[in-house]
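Following are the structures in question.
The following pair of complexes shares a single chain, chain A, combined with chain B in the former and chain C in the latter.
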Partner chain A sequence: MKKELIFVWACKALTLLAVSFLFFIFLFIAKESFMFFQKTPLLHFLTGSRWNPMADPPAFGLLPMIFATVYVSLLATAIALPIGVGMAIILSVLAPPKIQWLLLPLIDLMAGIPSVVYGFAGLMIIVKFFETHFSWSSGESVLAGGILLAIMILPYVVSTCYESMIKVLHHYERASRALSVSKWHMMRYLVIPTAKKAIFAALILSLSRAMGETMAVMMVIGNSPIFPHLFRKAETIPALIALEMGGAVVGSLHYQALFAAGLILMLVLFTFNSFFFFIRKHIDEGIKW
Partner chain B sequence: MVNDKGKASLFPLRLWLFSSAFFVIASLCVLFGYIFIQGGRELSLSFLTNTPQGFPLGVEGGIWPAIVGSFWFTTIACAFGSFLALPTAIFLAFYAKTTWIVSLCHFLIHSMAGIPSIILGLFGYTFFVVTLGFGVSLLSGGLILGIMIFPFIEVRVEKTLLEFPNNITQASISLGITKTWTLFHLILPGCMDDIAKTIALGGSFAMGATAPILFTGAVLFAPSPRSVFSPAMALSNHLYILVGQGISISKAYGTALVLIVLLLILNVVPLVINMCRKER
Partner chain C sequence: MHRFFRFLFASIMIMSLVIAGSQLAIAADGQIFFKGSSTLAPVISQVAQQFMEKYGTWNKIDASLPDAKIEIFVSGGGSGEGVKAVLDGTSNFGMTARTVKEEEKKAIGDYHEFHIGTDALTISVNPDNKVCQVKPNLTKDELVKIFSGEYRTWNNLDPALAKEEIVVVIRDIGGGAHEVFQKSVMKKVDVTPSAIQSPSMGALVTKVIENKNAIGYASFGMVNVHKGEIVPLKVDGVEPTVENILDGTYYVSRPLLVVKKGNMSPIEKAFIDELLSAEGMKIVEQMGFVPAK
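Moving on, here comes the complex of A and B:
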């Protein structure tokens, strides 16, 4: 009995430790950020359009980076969502089981490819294509970042939609077979309408994935802190942190500014993720009837 | 007539579906094909077993220290990640009695999964490297990678535990056997394959990550690490440096290929073991 109690308490303690890391992370980031906000007002930080930590006085305006992050993520989601939903419909409704068996692990594998490899491939394929076929100043652009990110978030869109579509299909399979409803009819009048929530969940998930993505975007977007334009360079918030963190002195204003940028990103993503969590829960409970 | 109308309006739907499938499969093929073909040219025994050489460092030579470094980062990450994730999963699946605690924990774990990797790197830098004084080292990098894969492992292990056949658990409990004994002698041995598979997948996730170890553990060049407090090279970071600083594109292809092959091994080996066991 005693051993049992010890084991249960050890599990409890470790669970507490694990979830408290979330608070640790938040606290550490927030602590440094608040020191920054004491010197630079939040509003200036959010609406300033110049980022130049080395100037005198240094300028910390995050607006171009915020725009760039939102722009790239929206672009990527706009590309990935229709393709991913289409693929999920094909996989769940039309593809014979053998093809599903072959493609699903491949799509999982696609999600498992490290982002630095995506970035490298994007640089070699997408950016190079832009540079050789268009007369832009450089191939590194918001468009390249958007296309690459779209490919990266595709597996998330496909698997989120596929899971809920397959549930709907199983639910109606017998009734539809008995009525000899065609697959195309089922797709249009059953699968697509009921998948709306799942598609919305996929939208939120892919936006949050895209916004937090660091390496791949950083490698193809060019990284200059200016307002984003589809065919020109830009810099996202994660890229800003990854690039400048190495050069910022611990405890300096620049260092704290990077934490503040991280805090903003984290809060936005936290909102998105909570949203996704509740939609997902809603779907899971809704499908059971 | 009705049939005709139906067919006409199906055309855009078909076009959309098939072109999206085409796009997904094409991008998969291009991605893998490109790296396998280009990387295959670079691959040789000396590339795998030598240290980086030449000026700038990495133009010649191989990636052996990076392979060793990646291995240790992944091992520490898996160990720490499962050290946190397994008890959490066991607690949430079997011992937590109040539903709101379970929901709260699920929500918190889900939120942890959503933290972008660069923020984890930032946290690891202030907490492990500066505050705790571990320095830029295998340990700092490994721990932060462990925190990164914790939600991934926890969610899947909890699912595995919950899917374990209920009748065995119930039978055992109705015989008056304690929950803990049931857990260790019946449930965990039965779930071991799936748990191992999940940890391996988490490991592959950790091995590919760059942003968390960018300031916490990975460096431009280091010999194979001697202790957990020494900094190390990592394949993912090495690839980033080779490309980002334009050192050597051909070596970068080789590194990317090695990284992907290692990840494939981590993904496929548990599957093969599973299949062999089932056949027996």
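Moving on, here comes the complex of A and C:
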């Protein structure tokens, strides 16, 4: 009894600790951004299209970067989701156990590769490919970023979907065999509808991850604060912060503007997540299994 | 219950000590921390490495120094980060690859700096670019037009060149290298927003090596390392050579500084002496920069 209480309190304390970390991070970012918004109106920050903190007077327009962040992440998710779900279906339903046993750890391993390595490979393969085969002046583009990010988030999509699919398969395996239902029928009427929720979870997970990914995107996207175009350079908010934080003078308007950009990124992520949460609730209520 | 709370308090106390300790880490025996410019970081690391191998413990240099292992930690992060680290007291020394601004000096208060060497920004292109033969010398005016985006294609610069887009490669706008370039070349004109911003000098040079239409301000040190892969152009008829950089005729250059807040402790002084010694300067030269002495 006593031990149980200790356990409960330990869990509560640790949760509180974790939540307070998050809270303090948010507070710190909000504090720095607040000082920035005192000097620059929020609306101007959100709708301005020119970013040049070193100009006189400095220009802080984040709109191109907001667009680029959302654009690249959506593109990456759009590429990764169908491929990932397909891979999960093949792995869970069709592949023999030996292949599953071999491939799954490999796919999980992909998630562990440092993003600098991805970025470098992207620079040398994807960007180079665009330059030599499409005769673009430079291969750094939203497309290059999207493809690279899609590869990076693929393991998340695959493992999230695979786990839920294999669960359904195991759950209904005996019943299906008893009724002599074919694998394909099971896949069509059981696995895929049930996986809807998992696909949604994968979508949220991969989108959040894509939006926050910094190093790899920074290396292949060109980092130009202009409006994004599929075949042209762009700059995402994480790349902007990572690039300029090192050079910004502490406490300067530029420094605070970068924190404000971070705050906006958090808000964009929050908006997306709550939107998906809302939809997911509807799915939960609409479909019963 | 009671015991658990004691345990919880104890762990919180330990944790806060650890957090506080990391702030005071520089007080530890025999350790020196450097933070800042990623251009200067490899030079300091190299000198530190040799220094550690040569002596091992501090008291081998001078008996009055503590009997502790020599440990020198170097990390990059940018010139601004170097000033910040000194200001916050999170490292003993800051490294900058630009002059320190007056307001930064004022914020630090008891400010000291050591001039380690000089780095020039060479206007470099890919060797496959015909501009190396057609127009190996650019005027400042032409440079401004290229980097501001007024010249969009290479044949705007000279009709003999290919009608291909000029790919302008720069470092991050807030960084030390760009600041030097902005001040000495661009002055009031902004660099085109569609320039590629490289996260490091290495990435900038890689881009110029990989793309035949690229032009960027590669560090003098990098050009020496990548001879033949990138070609530096003359600016206003002046070639970026050691002599020209030292006497200031090649004006696109920047100082490499180590900055310090307050007086140096004996071990800090011992290392700075080594850095400024003939051996230290030899390493600065080996890394491709122009040594201060």
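Here is the rule we use: the second predicted complex is superposed on the first by the 250 of 289 C-alpha atoms of A that agree within 3 Å, B and C clash if a C-alpha of one lies under 4 Å from a C-alpha of the other, contacts with A are read in each partner's own complex, and residues count from 1 in each chain.
Everything below uses one rule, namely that contacts are C-beta pairs under 8 Å (C-beta built on N, C-alpha and C of every residue); 3 or more make two chains touch, one makes a residue touch a chain.
These numbers were taken from a predicted model, which means no experiment stands behind them.
> Determine, under the contact definition given at the top, whether A:2 touches first (chain B), second (chain C), both, or neither.
After superposition on chain A, A:2 lies in contact with chain C alone.
> If we overlay the two complexes on their shared chain A, which of chain B and chain C does A:250 touch? Say first, second, both or neither.
both
> Using the superposition on chain A described above, determine whether A:273 touches chain B (first), chain C (second), both, or neither.
A:273 contacts chain B only, not chain C.
> So in the superposed three-chain picture, is A:115 touching just chain B, just chain C, both, or none of them (first/second/both/neither)?
first
> Is A:222 touching anything from chain B or chain C once the two structures are fitted on A? First, second, both or neither.
Once the two structures are laid over each other on A, A:222 reaches chain C alone.
> Identify which of chain B and chain C touches the larger number of residues of chain A.
With both complexes superposed on chain A, more residues of chain A are touched by B.
> Check the residue A:123 against both partner chains and state whether it touches chain B (first), chain C (second), both, or neither.
The answer is both, since A:123 touches chain B and chain C.
> Is A:50 in contact with chain B, with chain C, with both, or with neither (first, second, both, neither)?
second
> Applying the document's definition of touch, where does A:262 land relative to chain B and chain C: first, second, both, or neither?
It touches chain B, and chain C stays clear.
> Once the shared chain is lined up, is A:11 touching chain B (first), chain C (second), both, or neither of them?
So A:11 only meets chain B here.
> Output the chain A positions appearing in both contact lists, the one against chain B and the one against chain C.
10, 123, 215, 219, 242, 245-246, 250
> Mind pulling up the chain C residues that touch chain A in the complex?
1, 4, 8, 38, 77-81, 83-84, 87-88, 101, 103-104, 107, 164-167, 172-176, 178-179, 182, 188, 190, 193-199, 203, 206-207, 210-211, 213-214
> Tell me, which parts of chain B touch chain A in their complex?
10, 13, 16-21, 23-25, 27-28, 30-31, 34-35, 83-85, 87-88, 90-92, 95, 105, 107-123, 125-127, 130, 147, 150, 154, 178-180, 201, 204-205, 207-211, 214-215, 236-237, 239-240, 243-244, 249, 252, 256, 259-260, 263-264, 267
> Using the touch definition from the top, list the residues of chain A that touch chain B in their complex.
It is residues 1, 3-4, 7-8, 10-12, 14-15, 17-19, 21-22, 24-25, 28-29, 32, 82-87, 89-90, 94, 103, 106-107, 109-110, 112-121, 123-125, 151, 154, 158, 184, 187-188, 208, 211-215, 219, 238, 241-242, 245-246, 250, 258-259, 262, 265-266, 269-270, 272-274, 276-277 of chain A that touch chain B.
> Where on chain A does chain C make contact in their complex?
Counting only chain A, the residues touching chain C are 2, 5-6, 9-10, 13, 50-56, 123, 128, 131, 137-138, 140, 215, 218-219, 222-226, 232-233, 235, 242-251, 254.
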